[in-house]
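Letters A, B and C name the chains as they come in the text, with residue numbers starting at 1 for each one.
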Amino acid sequence: MTVGAWDAFSLIIQRELRLSFRRPEQLSQPLMFFVIVTTLFPLGLSVQLSLLRDMAPGVLWVAALLSSLLSLDSLFKSDADDGTLEQLALSGQSLAVIVVAKTCAHWLVTGLPLVVISPLVAIALNIPPGAFAVMMLSLCLGTLTLSWLGAIGAGLTIGLRRGNVLVSLVVLPLAMPLLIFGAGATDRAIADISAAGALYFLAALCVFTGTLAPFATTAALRITLE
Amino acid sequence: MKQFWAMGGYAQYVWPCFALAGAIFAWNIWSARRYHAAARRRAARALAMADSEAQ
Amino acid sequence: MWTWFYKLASPPSVYNTAAALLPWFTAFAALTLSYGLVGGLVFAPPDYQQGDAFRIIYVHVPSAWMSEFSYSLMAVAGAIGLIWRIKIGHAVAAATAPIGASFTVLALVTGSMWGRPMWGTYWAWDPRLTSELILLFLYFGVMSLRSAYEDGSRGDRAAALLSIVGVVNIPIIHFSVVWWNSLHQAATVAKFGKPDMALSMLWPLLSMFLGFMLFFGAMLCLRLQGEILNRERQSAWVRDAVRT
């Protein structure tokens, strides 16, 4: 029985989600990391509330970036370890479809919770509620882009001994423009200026990355799996 | 001559730049030669081992 | 028709070509760099706005160009190795990386030194500077990725893929001064805009460009020979190459 691309996509997503929810602690770890890191900044710097507001977008985004990197490990590693990844690659299904499905599922369990919890963290950083919408939208687009980018890094470093550090080294340079525009969008929203430009750019970046990254990730998997 | 070294007051910016350029060039030369020499030694060793095994 | 190409690209052929070209690259690099340095430091008149500080251009601009050129070469060579499986591509990519990274460092630091008197700051997070810094990180990422793999062939291919992904940064660096209001453009390009730079300033600069390229060629020859030896250690032709 041949499985169409769309069916394969939804099957993989369902599988990933089911597997993720079997270990809820694994889901909450990156989220907790995000919350802890964002609170570290105001504690460590002991700044006044007004200054906190100024650095809030940057802090938020760096924390989101770091917790995304932390969670990338789970994208391919466990499947690579038990041989499932090879089976998927040999399955005859387009590996790109599988990669897209895995990345989407990954974002659903790591990026999306981050976006949902961001208002709480934003309050801790003294970001005005008026900026929340833009902040959440930018984080949504940003974490999605990070998932696409991170998949490339994860694909290139499966099975390497110090893969975690290397993934960061590989993904962070590529993520720097994202950081600039994401923090910029939230900045503008806090200053009550239209963030439309930055948001459009983020969306464009997301689409650009989402279109090309899966192919790069597929190529990376073929290199590391063979 | 003194004017040359003073670089119109910008000496503290200009000369370190050229010095660093010299350093980077020197490092490149040293590093590339070292790499090549090490590669030759390794190849020679592999050769010697293969020769002794053949005998 | 392609057999001559594959022969040309074969490791022993490239090794010998590199060995033959090395003295020429070295000699001409020395010549052009000397002319450029003397012309730029001594004979070029001081700039009417920047004074003698503009002389930094003679190391900053060529090194910035080389940093971009090397990365592009590394990405193309990696692509050739990855897509067409021509192994010499990986050797070229591996050889280019450290050289390019060193030029990126030079570009960043000399740019920073030039920025202090001109813009009042050693660093600014403007698009060109930021993307050049990203370039440095990309170089390190590629080099680290290659060395992280014990299987050299897999490391080569992973590094090649990463360098191809990162190539998107090159047009960003190049066009950043056009696309955004960059601090960088105002300081240098406009200064020497129309009419063109004075010839006495221009010739040494062109000579430095050439000199940097030739020096890069020389270093590439040296490192490439090393890379080829490392990769082809088991081959028969290596015997003769190492014996001489």
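Some notes on this structure:
The definition used in the following text is that contacts are C-beta pairs under 8 Å (C-beta built on N, C-alpha and C of every residue); 3 or more make two chains touch, one makes a residue touch a chain.
All values derive from a computational prediction rather than experimental measurement.
Looking at A-C and B-C, the interface holding more C-beta pairs in contact is that of B-C. Averaging Cα coordinates per chain and for the whole protein, the chain whose average falls nearest the overall one is C.
Between the CA-based centres of chain A and chain B the separation comes to 41 Å, rounded to the whole angstrom.
Mean C-alpha positions place chain A and chain C at a centre distance of 33 Å. Chain C has its Cα centroid 15 Å from the Cα centroid of chain B.
Looking at the complex, you find that chain B touches chain C at residues 4, 7-10, 13-14, 16-18, 20-21, 24-25, 27-29, 31-33, 35-36, 38-40, 42-44, 46-47. Those residues of chain A that touch chain C in the shared complex are 152, 156-157, 160-163, 166, 169-170, 172-174, 176-177, 180, 216, 219-220, 223-224.
Chain contact summary for the complex, chain C toward chain B: residues 37, 41-42, 46, 51-53, 55-56, 59-60, 63, 98-99, 102-103, 105-106, 109-110, 113-114, 116-117, 215, 219, 222-223, 225-227, 229-230, 233-234, 238-239, 241-242. Within the complex formed with chain A, the chain C residues making contact are 82, 125, 130, 134, 137-138, 140-141, 144-145, 148-149, 154, 157-158, 161-162, 164-166, 169, 172.
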